[in-house]
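In the part that follows, the structures are each spelled out as structure tokens.
In what comes next, subunit A is part of two complexes: it sits with subunit B in the first one and with subunit C in the second one.
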Partner chain A sequence: MTGANSQTLPTALASLQERLVGESASRRALLLMAPLIAFELLVFVIPFATLLRISVAAPSSEAVYAEGTWSLEAYSEVFGDLLAGDLLLGIVGYSFLIGTVVTVLTVVIALFYAYAIRRSSGLVKSLLLFSVVLPLLTTLVIRTYAFTPLLSPTGTINELLLSAGLLSEPIQFVPNTVGAVVGQVYIVLPYAVLAIYSVLATMDWDVVEAARDLGASRPRAVVEVVLPQAMPGIIVASVISFAWSVGAYAAPGLLSDDLTFAIYVEQLILGDLRYPTAAALSVVTMGLMLAGIGIIFAVLDRFGGEFDLA
Partner chain B sequence: MSSTLHRERLEDVAFRAGYAAVLAFLLLPLVVVVVTSFSKAGRIAFPPESYSLVWYGEFLQSARWIGAFVNSLVVGVGTALLATLLGVLGAFGQELEADAGGDGIVGAVLVPIVLLPLLVPPVILGITLLLYFNEVGLRGSYTSIVLAHTLWATPLVYFVMRSVFSRFDWQQLDAAHDLGAGPVRSFVHVVLPNVKHGIFVGGLLAFIISLQEFVMALFLSTPSTETIPVLAWTEIRQALDPMVSVVSTFLIVISVAAIALAALVTNLEWVSRQLS
Partner chain C sequence: MSEITLDGLEKRYGETTAVEDVSVEIEDGELLCLLGPSGSGKSTTLRMIAGLETPTNGSIAIGDEDVTDLPAYERTTSTVFQDWALFPHMTVLENVAFGLKMGGVSKDERRDRAREMLERVQMAAHADEDPTTLSGGQKQRVALARSLAVNPDVLLLDEPLSNLDKRLREDMQIELREIHEDLEKTFVHVTHDQDEAFTLADRIGIMNDGELIQVGDPDEVYERPENRFIEGFLGDTNFVDASVTAATADGVRVDTELDAELVVTAADGTTPDLETGTDLTLSLRPEILSIHGVDEERADDAGVRDARVAADGGTRNAVTGTVENVVYRGSTVRYSVSVGNSSMFAERTDASTGALSAGDDVRLEWDGDDVLAFRDDGDRVMP
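For the complex of A and B:
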């Protein structure tokens, strides 16, 4: 049995090798990339083409959408609702508001924390890094929900503030926008810290020392020396915070009563079965989101730092 | 001069207080989860009024939770294997393409396509894949969730591997070729030993991504394939008992064990640097 295996395996490898040797280097490279290309095509590109197709199909009262039809009804409905300042505008606007607020908060905190990790050493450094990685390993739903007993009107924080005499009556953090923002910051913060820290970790720290020796105060050294060098990490952190927060589902779902775009789309699909509308709304929101990411790139790029995808 | 020193002392105190606050923010929800898992009452409150192990007993007797646990492991391992295979081969291929002085068009198109799924809101991905898998008859299978999670995990493995490969000395590979080793043999004997830590970290990341992901899983799973986060989501919206805390505590323990393992194989700082 083992003899047969050890014979067929080398034979198979040899024939594979023969074919690979026969190819030129770039053909070989293509062959290696082929599975990834096929995967992205089958599981990403084609499904999205399907989504686009459904967004231009006519709605139907019998099926989830009328197959084989072409219509811009869903788009005119989405844009009509948006321009009329209806419920939809509120939902989409709210999603982008949350996305923006969360991104700003997250990047500021992440930059500070990544800097603290870079500056610390030994046990403190390990502890700080561990505190970033550990939340990533806990189920998102559960760690987000864990804010409820802390932030609710009868929760820990309100009770502390009340007993300290800082409040006369409890504040309703959850269910509320505050809760959604806190939960969403908590979800994206670890990724943002790691993105920025990975840049700071490889940064030449002598330059900061030099700035200090030349008389720059510490805050000034950070703003003028550390910040520009950290820019690639800051861009990555901003883009992922923004993209994930605009499409936020778990944090608003668990910690607030407000409708976000993601929750609304889910209702359209699973509740109302209005597939073309949901597809068109998804396409429009994606477009707006990519425009937002473009703005982030443009703004942050002006502060320096060359950004390279790879 | 002394005023400068005084100011720097103040800065130091503020700096420390600042990162201690962030540290507390990051760890507090986890403390809540672990502590409430030992509560006796049927409702989550922090801190609990009385402690017991009653919910751990409940967990071990709950076929549904154990099932979700198994489902999460199956999907996580499947995702880790598939994403690692795709990511390692793809990154290696692109490195070869650049090395061979090719025009790199395939690579240039591939990078944004691999990256893009990370930026698409999971709800849209979930809906898109739900519609698509319905058409191709994959609905309700483990495969559908593994494929969806691989879409998210592959970019991470891919970029970890790109950064690992970019640090590899490619002249070693040329040397192996010159000495007569074929492509497969030279990969196994020359490249693999140098990049195996990267592959391990990539696979671990993919597994963690899968363990975490719940929006796509929510759309794609059925009661028989539901993963831990999906069941937790359903449970949290119905009952507020500490069962979810118990499950999460188990996950924290497993994850810490996994980190300890990863730290043994490599070291923590190196891991975080690879995340870029």
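For the complex of A and C:
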């Protein structure tokens, strides 16, 4: 390295620290958080502000929206459609239905799975953990499409059920809501398992023994002691599953013919070029989703768990 | 009645045996301490009594009922765990009321009874606190209250005091003792600390390598340990290798690594029939040794002055050596003394008879019938 301004990393850090030490604690904290704040601005605040701006712009027949105009036309259209029932029941309702069903299934399966990992040891534990992460290493499209041969009317599941005599004729799982739900559960499950497992992993297992010692049967001990302590993980898993599944795009798109809100937004943008309507629908759906998450918090918080929002 | 009968209790994990053939009768209302080093199987034994571990073999009975196959939650035992295992998501009061809740006691009644228990352990003021904010001593009291709240027939204590500092531990020992006397319930207390066992126990069961090697009153196990392991485990001692030269009615003469021939006598005058050449290990506790500087003039010296190498018909033994180092330990002073090819330590309670220092020549003396002798296989042969 040449040049008068070149500094080695340690001296650069030292001079940086010198500057920081001079500042008050709150300013210092702000300075240290500056990169994070800049990142948030870039990837969230600015795009979201743009989205809000487009949602209150007037539609245009020449461009995707009329730049510089202000109009609530898109919102009145969205609310009109919602109130008329088609959009509400057909698309938004369907999205929230998928979101709710997927969340319930995912959290229940993830609880058992995470509990099994917590209770296992050695090779079994490694295998269980690895099998959670493994699907994340393949591309989402492939692993979602992989359900088609599994679930199709001539697929593995149907053949098994038919040959076992449990079915007289094949069931159409795909393309269907069942396929969309299964595919979406599969996508979010690893995150839910890891969220719950991370809480269970740090849990002191003696308390479960203490509960049994004090007269709780095994299932009762789990309900009284494990679940309340796992609640922070359950809440995180629920929020991830719900937010992701309401806005699901890939699984319903690949495994179902029904429209979810995300697919509809795509049609509005790429097909109809109605940017303000798409943006307004997104904002409204986000509001509904926030309300949904609020309900999740309220409900799960009642079951104990020391989850602080602050 | 809630006496506990363990019969041939065994616990194996794959190849390793944690507990092997433990049989003991724990009397109703007794406080039995299971004492042993870590890994000796004492906690596993306790956990089997609690029902938290299933025995590989053997049986457990509480009172007249065989509980071997009874799950933990149906047993009338209650455990205080080493790290107390308080429920972090409940208040102190809810913790104490938990067992009553499981027992189907109504909300108001369990609140009252839990409060009563907290008062008994002086924790009532903390009833609504989060247990994770309590100090170790406070957690210990809450755990005790929680276990007692269900009114168990048997209280099992798994080293509950080992995470407390010394002073608090000693206070809690006294308190536990009082609670035991008050409740007249059967307590089984696991500890690796012999002072704790001696403070608490009606009887002590010594465990090592998964086996219960001796059960007896505290003075019995201390003064008449069945084997060499117990003698070494219960306090400090000097082990001296010895070899029998003659076994007479007066005592057993042995040759030792101290370069001195000594006599071991039995207080009751019975001498075991030991062949010449039998290897023994003698145990000389520091409290039986008296240490004098050879230059110190003492009134009672006259009689024993020449007693070095076996007493003439008497039982007094003496060896001479050199002080290697001196450790001041507050109430006592401890001297390491090199004797022959070996080293021994002795204590004396005050330095008023003249301070000894490193390099001084000293004489160690003891009565031949205060010495314990163990065979090669560890079994005690004398007295």
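Please note the rule applied: the second predicted complex is superposed on the first by the 272 of 310 C-alpha atoms of A that agree within 3 Å, B and C clash if a C-alpha of one lies under 4 Å from a C-alpha of the other, contacts with A are read in each partner's own complex, and residues count from 1 in each chain.
FYI, contacts are C-beta pairs under 8 Å (C-beta built on N, C-alpha and C of every residue); 3 or more make two chains touch, one makes a residue touch a chain.
Remember, predicted model here, so these are calculated numbers, not experimental data.
J.: Clash or fit: how do subunit B and subunit C relate after the overlay on subunit A?
T.: The answer is fit.
J.: Does subunit B (first) or subunit C (second) touch A:131, or do both, or does neither?
T.: First partner only, subunit B.
J.: When both complexes are superposed, which of subunit B and subunit C contacts more residues belonging to subunit A?
T.: B
J.: Kindly classify A:45 by the partners it touches after superposition: subunit B alone (first), subunit C alone (second), both, or neither?
T.: first
J.: Counting only touches as set out at the top, which of subunit B and subunit C does A:216 meet: first, second, both, neither?
T.: second
J.: Tell me, in angstrom, the smallest C-alpha to C-alpha distance between subunit B and subunit C in the overlaid model?
T.: It is 5 Å, taken between the nearest C-alpha atoms.
J.: Once the complexes are superposed, what residues of subunit A are shared between the subunit B interface and the subunit C interface?
T.: Residues common to the subunit A contacts of subunit C and of subunit B do not exist here, since the sets are disjoint.
J.: For the complex, give me every residue of subunit A touching subunit C.
T.: Residues of subunit A touching subunit C: 204, 206-207, 209-217, 220, 224-225, 228-229, 304-306.
J.: Quick check on the complex: what are the subunit C residues that touch subunit A?
T.: 50-52, 71-74, 77-79, 81, 83, 85-89, 98-99, 102-103, 146-147, 150
J.: Residue numbers of subunit A touching subunit B in their complex, please.
T.: 13, 16-17, 20-21, 24-26, 28-37, 39-40, 43-48, 50-51, 54, 109, 112-113, 116, 125-150, 155-156, 186, 189-190, 194-195, 197-199, 201-202, 218-219, 233, 236, 239-240, 243-244, 246-247, 249-250, 254, 261-262, 265-266, 269, 275, 278-279, 282, 285-286, 289-290, 293, 309-310
J.: Mind listing the subunit B positions that touch subunit A in their complex?
T.: Residues in contact with subunit A: 8, 11, 15, 18-19, 22-23, 25-30, 32-33, 36, 44-47, 85-87, 89-90, 92-94, 96-97, 99-100, 102, 106-107, 110-124, 127-132, 135, 147-148, 150-151, 154, 158-159, 162, 182-185, 208, 211-215, 228-229, 232-233, 236, 244-245, 247-248, 251-252, 255-256, 258-259, 268-269, 271-276.
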